[in-house]
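Note that chain A is present in both complexes that follow, paired respectively with chain B and with chain C.
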Partner chain A sequence: MHELYEKLKQYYPLGELTEQRNNLAFITLKQEQLRPVLLHLRDKENYTHLVILTAVDWLEDNCFQLTYLLSNRTNATDIGLRLMIPRDNATMESIHDIWPTAATYQRELREMFGIDFPESPRVNEDFILEGWNDIPPYRRDFDTLKFSEETFAQRPGRETKDPAEHMKQKLYPDGA
Partner chain B sequence: MAYQPDRSQYPQKKADGSLDIDLTSGKYLKLWQGPQHPGITGNMSVELTVCGDEVVEGITHVGYLHRGFEKLMERRTFIQCFPIVCRICVPEPDFNEYCYAAAVEELAGIEAPEYANWIRTLILEMGRINSYLMYCGGQAGSFGMGVISQWTTYVRDLMLDRFEELTGARIYHMFILPGGVRDRLPEGFAQRMEETLCEIESTMSDVYDTMYCNAVFKKRSVGVGVIDVDLMDSYGVTGPNARAGGVAKDVRKDQPYLVYPELEFEPILGQDSDIYTRADVRRQDLLQSVDLVRQILAKMPKEGALMAKIPSVMHWKIPRGETYVRGECSRGEYGYYLVTDGSGYPRRVNVRGPSYTHAMALLERMIVNLNIADVAGLMVSLHTYPPEIER
Partner chain C sequence: MKEELEKRIIKGPDGLEFEVEPLRDYYCEAPPTVMPAAYSKIVEDLFNWARSESIWILGFGTGCGAIEMRPLMTPRFDAYRFGVQWRPTPRQSNLFIISGYLSVKTLKRVIRSYEQMQNPKYVIGLGSCTINGGMYWDSYNTIKRLDQYLPVDLYIAGCMPRPEALLAGFADLKKLIRSGKAEGANEYAEKFEWYKANQKRVINDWDMPDYNW
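Here is the complex of A and B:
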């Protein structure tokens, strides 16, 4: 994987390389380098299969990490491209013209993380949630507990326990 | 040869590329396929626009099963996620357990013992058999043959008995946990498994005669729902859907995991890429899994460690990192993308189910110009399980 990284580096300014396994590496990229690198990997290096496109919310750094994972069947290797985009007004270029299936991933990211992909087909249509008007729920600052307390009523007569506290008492009854 | 008009340009498109469909013209009708089905496509629906009995547009709608698994896992410790993951796929839950466990082990630097890996492989192959049996019933049901699902449900139940005696549970086994597996094989398990496998083979022989050699089934499935080989990569097609078109995508061979390098098998390939070929590839795959279970029981060591040493699960912190682990489930490539940040909770878990691509972009493309009566057959032939889409 290191060879491929060096080869790519001749053409494109690349960030950090993380070799996770012999056949899996992650490369950090700048936003504007994504399309040329994706096309290079697909057309010249045989990374023809888009495995996943997903996001990670780094709330403390105020950015989203987008991960594009590509797979090459001929040499059984995978490359993950990591991009950091600002969390406020998060927008990214759509790649549905390179992989049509990316439109579904982008629609989900729009709904769950609020990342916009202008030009992506049906990106603003409801995907999984219907009539959602809260902040996008997969963002780290969305509080699931608060949401469920506000939305759903407690069933009467039901005892709730904090799992961590319950296990602590069960495993260490003397408080050791 | 009878005149066949080219339907690919119909209806006409507007300037923005969308279809020019005027519902008030009386030419078109909206029809909902689902979310309840007699087949086994699960709770998803396709919004069809039909002209006569021909589909001109199909839009997949999901969201009937969303429980927010990925988000739930971010607020749970690594071991608390383990009973959640299996619920992402009902008919074949074990791949979630394996992929999650393998991803956690990789980031935590733990290696599962060899004996546990043999049991993991056994469980995965048993799950594959179950999933294919369920599929066979659904595929036959979608073409009006209800009896096949009763036969396959019977033998699937026998396999569930084997699961029950091995794991204590029939559907959600919660057996493959980070570090190894929960228990060893019970006394006399191999013998009882052999009896179950013989029963499955006998039933599949009957299914072959009744379903695969049936003139009506052939007439309705041969040449229908063809996936073009050129679409395989652009639409992320994997598993039997790809193998039926002659593309030998099989993670067990491409990136061998667990003990698959020690087992003898070759990916089952088809040529025609239609509904019938996909059904036949799955039937042969099922029989291959029966053979693999026999190989595993014959080759696996009789004793060994079940669990690697893992830290106290209540205080288990995993250093910052990210990885992707995949396996070949009955529908194609199943994978887990796990990101950790050094805390006691996963930062992000993303599940890659094969249905995500098969049931959305691919189905919406393939459904156009199909007869309404064939829609159910096509949906089942892609072998989709909607919880994988909405996680």
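Here is the complex of A and C:
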């Protein structure tokens, strides 16, 4: 993994390398470097499979982190590319021309996080949520509990107990 | 409204043009009506006995509970010995098992399927998700009370209930049907407005007819 990182670094300005396991590492990079690095990994280093494209909402830093996880099937190693994009009007370049499967991930991110991928096929169509008119539900400032209480009828009588306290009460009712 | 439901002119293969209005041509506009009981109690009891002995389930798994139906179909639990069997289409079935959590997107399909079933029809809510939301109690996309949207005859509690619980549920449902208490379809017809209002409150993009008969 380290060798690959050094090799890549000769061509592209890269951020730090995080080695999680022998066969899994993450590289941080800038938004502009993504496409050349992806193409290099796919065409020259045999990372031919896009495993997942996912996002993390860093609400406090006001940015989204995108992770592109690639897999090399011949030597069974995975490499993840991480980058940060600003949270306001979040837009990212689409990679559906490199891996067509990315279009599905991008459609999901558009719906769940509100990250736009212009020119990605069918990116603005409803995916899982139909007729959603609130802020995207995977954003951390979306309050799911409040939303579900307001939207869906609840059955009265549901109560939640702290397991430790409840068992203490039940086993030692005298408080011993 | 969906594009395919709008009124339009269609050119047939023979070159003739004709007008299609799907809502009028393909759907029955009339809301459901209450089906009266048979003319005498003993005949109605006979009907109910027959209904209870041929419970045909719609093969529509909405959530994780659908996995419990596979062992029921196969020799280990073999629900067929109780007159219970699974059918591929709503037209042939009279029992709808809502198996677990129901997302808003699935609810729309469930309503369509339920309305296409013939009277008399029954609904079983399987698992705690259909009762009070279960482990999805704070989810943004699953309903918490099934009986707000469809008339439920019977709930089977658990997460998930075992196939034995389902068999016990079928036995209880048979008792309900025989005693004439499983009148969900009539209840749906009576309180149609109320059910529709509840359904439309959660389904924001209502793009189908009000009654999908």
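Note that the second predicted complex is superposed on the first by the 155 of 176 C-alpha atoms of A that agree within 3 Å, B and C clash if a C-alpha of one lies under 4 Å from a C-alpha of the other, contacts with A are read in each partner's own complex, and residues count from 1 in each chain.
Note that a residue touches a chain if its C-beta (ideal position, glycine included) is under 8 Å from a C-beta of that chain, and two chains touch if they have at least 3 such contacts.
Source: prediction; values computed, not measured.
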- Task: Identify the partner contact of A:P100: answer first if only chain B is touched, second if only chain C is, both if each is, neither if none is.
- Result: first
- Which of chain B and chain C A:Y11 touches, first, second, both or neither: neither
- Task: Answer with first, second, both or neither: which of chain B and chain C does A:A153 touch in the superposed model?
- Result: second
- Task: With the two complexes superposed on chain A, say which partner A:P163 touches: chain B (first), chain C (second), both, or neither.
- Result: first
- Query: After superposition on the shared chain, which partner residues are touched by A:P137: those of chain B (first), chain C (second), both, or neither?
  - Reply: both
- Item | Residues of chain A touched, compared between chain B and chain C (which is higher) | B
- chain A residues touched by both chain B and chain C? 126, 128-130, 137, 142, 144
- Note on the structure: So, in the complex, the side of chain A touching chain C is made of residues 126, 128-133, 137, 142, 144-145, 147-148, 151-155, 158
- Message: Looking at the complex, which residues from chain B come into contact with chain A?
- Response: 62-63, 66, 68, 70-72, 74-75, 80, 106, 233-236, 238, 249, 254-255, 314, 321-324, 326, 333, 335, 337, 339, 347-348, 350, 352, 356-357, 360-362, 365, 389-390
- Tell me, which parts of chain C touch chain A in their complex? 103-105, 108, 131-133, 137-145, 148, 198, 201-205
- Query: Can you list the chain A residues touching chain B in their complex?
  - Reply: 18, 20-21, 23-24, 26, 48-52, 54-57, 67, 69, 73, 76, 78, 80, 99-101, 103-104, 126-130, 137-138, 140, 142, 144, 163-164, 167-168, 171
